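You will see chain A twice below: alongside chain B first, and alongside chain C after that.
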Partner chain A sequence: MTEDQIYAAIVEIISQTLDDKGLDVPEITPATEVLGDELGIDSLDLATLVSELEKKIGFDPFAKGFIEFKTVGELTKLYVR
Partner chain B sequence: MRMGLDLTPGDDTPLVARGEALFTRGDIRARADDLSAAITERGVSRVLVRSDDSALIFEAIDACDRAGADLFIAHTTIAQDRIEAICAEHGIGLVLNGELDWRSTTQTPADGRIYMMTSGTTGMPKVAGHSLESLLAKAKAGVKRRPDQGGRWVLTYQPTGFAGIQVSLTAALWGGLLITPAERTIGGFYHVSRHWNGTHISGTPTFWRSFLMVADPTQLSLAQITLGGEAADQPTLDRIRKAFPDTRVTHTYASTEAGVVYAVHDGLEGFPAAWLESAPSGVALRIKDGFLQIKTPNMMSGYLSAASQPLQDDGWLATADLVELAGDRVKVLGRDDNTINVGGSKVYPLPVEALILKQDGVIEARVYGQPNPVTGALVAADVVLEAGADEKTARKAILTACREALPAYSVPRSLNFVDKIAVSAANKKG
Partner chain C sequence: MRHVIVTGGSRGLGAVMIEGLLADGYRVSTCSRKKTDNIARLEAHPEYGPYFFWQACEVGEADQVDAFVEAAVAWAGDDGLWGLVNNAGVAQAGILASFPNVESERIIKINLLGTIQMARAASKVMLAQKPSENQGGRIINISSIIGTRGYNGLSAYSASKAGVDGFSRALARELGRRQITVNSVAPGYVATEMSSTLSPSQLKQIVGRTPLGRLADEDDILNAVRFFLSDGARMITGQTLIIDGGIST
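Entry: the complex of A and B
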């Protein structure tokens, strides 16, 4: 997967998560903070996001321990190989 | 008088139906006579039967009972090397699996017991001993109502498991017919149920959910439906009641170690909280640290290997089943080893499964933990929908219902729609 495809996948999953929770889906950019106030994402949602991404992309960058990140763009980079 | 299987030579009452073949009580008695003589002649004190053929299991029980030998009943799913280890450890001199496999071994003194095994899916199976008499007494106590006499029991449980043996002995004791399919598939069970006009079907809730998908209730004339082997959930009990409004529905709690502990007939999941004070049939029940503990008159008569349900110092048996007192009912939440730990919060799969099963179009659900780097685990669910049901609508309905009723950490985060859910040989969800 290219970086663009990974980014698109992350945006899609976040949008689906927010929609599932009955929340509005705001515009998401690479600078959007994943756990920031802008999105209503909590740690359980983040756990879900990571597990969905592993399914989609086929690997888990957190397999050896959690890596800190803030924005959607930073999260995307973790999946680029 | 000592109680035995009481098979009379020449009796042409059918005892076992296998596919479309019938075996009479006399047939099985004649075979047991030969086997008993051979066991005595060879001086063998311990026999192991490993077969799903109920006629052979009856033959082995009767032969060993009259020869005074111990009988080990092994699942066909136990691997050969483990069978060898069990034979060596316990001094077994004869293995029955369709032929007579005599072994030379150091003789172990026998006391005429029947030893049954746990599934042993994760290691050596655990072995628990019972006397035939106590097993028969339990089977006798379990049947009190007249229509049960001469009933025709469909054996859906593993023929070698505790529940399977219990159903088999019940049929034998009451002059009934034990109906077994040629193929242990849901279609096979339905076919023999109709062919032999089965009146009693006992199965796991997982079995029943599948059976309801295949069976046309008008084609069956059932007097008794029993659920056992797993905790019965309300949606499944309701579904059975709807399909078979005139049939008595019972759910039971039993285990290899303790035997049948209780039977509930009111169509509600769990058992009445009043039973914590005083339960039927001399059984005592209590909740300790969230777990169900039990005391029964027909408790196992000793282990040959490490106990899966340890006996406490005060004589109570600790189960691995977590229960919850909810008003006037005690509900079973599920087994401790199935508990999912989501970021430190405990999730019991059973109530989540029950909630999913309640939604339109859902016929089966399995809830389990999925490893996760953020929270340790997440709740995941595999769901089977009715043919033609819309996945998108079902997904929305399931998630909405779960969000309304459950804390956020219990809500399935991964919902997979699948064609079928794997079940074990004992018809339990894995």
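Entry: the complex of A and C
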């Protein structure tokens, strides 16, 4: 998957998650903070997102330890190989 | 068809669980370090064979656990994963002062870390399932009354099982919102290879102290697992169900 495709997949999953929770889906940009107040994504949602990305992309960048990230753009980069 | 992974299905409690769950109409995956005749029999079984999967896996080795869960889920296809029964376990008795540290490490690694690794791999699969596909899930951890009561000579084992109960309670809180329940089933003494080191007089004493007047058998434990896997148990999470004929009450 290209970086653009990964980014699009992340945005799609986040939007779907917010929709399922009955929350408004704001505009998401690479600078949007994944766990920031703007979105309403919590740690279980993030774990779900990472699980879904592993299913789609085939690997889990957090398998060998924690990696710091804040924004949607930074999360995308972790999946680029 | 609902797919359930039961670890340590090659013999003892696990062997009875996998056959009972196959008879109930579940798709069943299991692992053990060594293949037994019983596994080979089920693989070739005319009725159960197509719904049964075994792969060698050393619970406690995270990479092997991940590979096993991945293979089992791939085998199950659209059935995804409904349940995990963390049953594989080891016991070794000895007074702590003369008990080798490596033995304690082995017990904690298989019974506690192995349970955590399996639940991690399985919960990832359950969380990634779309609500419309297989909503929710079940994680059942086999602990032991020795984890709640203690037993002379089984301190490391007891610690591992008490850890499992604590793990069930915390994970239940984490996963509850997604309708994934997590519970422990804590058997008393069941006559399997694991408890075969108890002497006849110890067994007699245990039976004598048991209000229901007998040891639990494998079916007693299977029935509790069946219940937690069922829709009827959907409102129960974070619990430890003791099945010991009342000895610890």
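Just so we're on the same page, the second predicted complex is superposed on the first by the 81 of 81 C-alpha atoms of A that agree within 3 Å, B and C clash if a C-alpha of one lies under 4 Å from a C-alpha of the other, contacts with A are read in each partner's own complex, and residues count from 1 in each chain.
We adopt the following convention: contacts are C-beta pairs under 8 Å (C-beta built on N, C-alpha and C of every residue); 3 or more make two chains touch, one makes a residue touch a chain.
Keep in mind the model is a prediction, meaning the values are calculated, not measured.
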Which superposed partner A:Asp20 touches (first chain B, second chain C, both, neither): both
Partner chain in contact with A:Phe66 - chain B first, chain C second, else both or neither: first
First (chain B), second (chain C), both or neither touched by A:Val80: neither
Which of chain B and chain C A:Leu46 touches, first, second, both or neither: first
Chain B versus chain C as contact partner of A:Ala31, first or second or both or neither: neither
More chain A residues in contact - chain B or chain C: B
Intersection of the chain A residues that touch chain B with those that touch chain C: 20, 44, 47-48, 50-52, 60, 63
Of all residues in chain C, those that touch chain A in their complex: 66, 123-125, 127-128, 131, 174-175, 177-178
Contact set on chain A toward chain B in their complex: 20-21, 42-44, 46-48, 50-52, 60, 62-63, 65-66
Contact set on chain A toward chain C in their complex: 20, 44, 47-48, 50-52, 54-55, 60, 63
Residues of chain B touching chain A in the complex: 342-343, 370, 372-375, 378, 399, 403, 408-409, 413-414
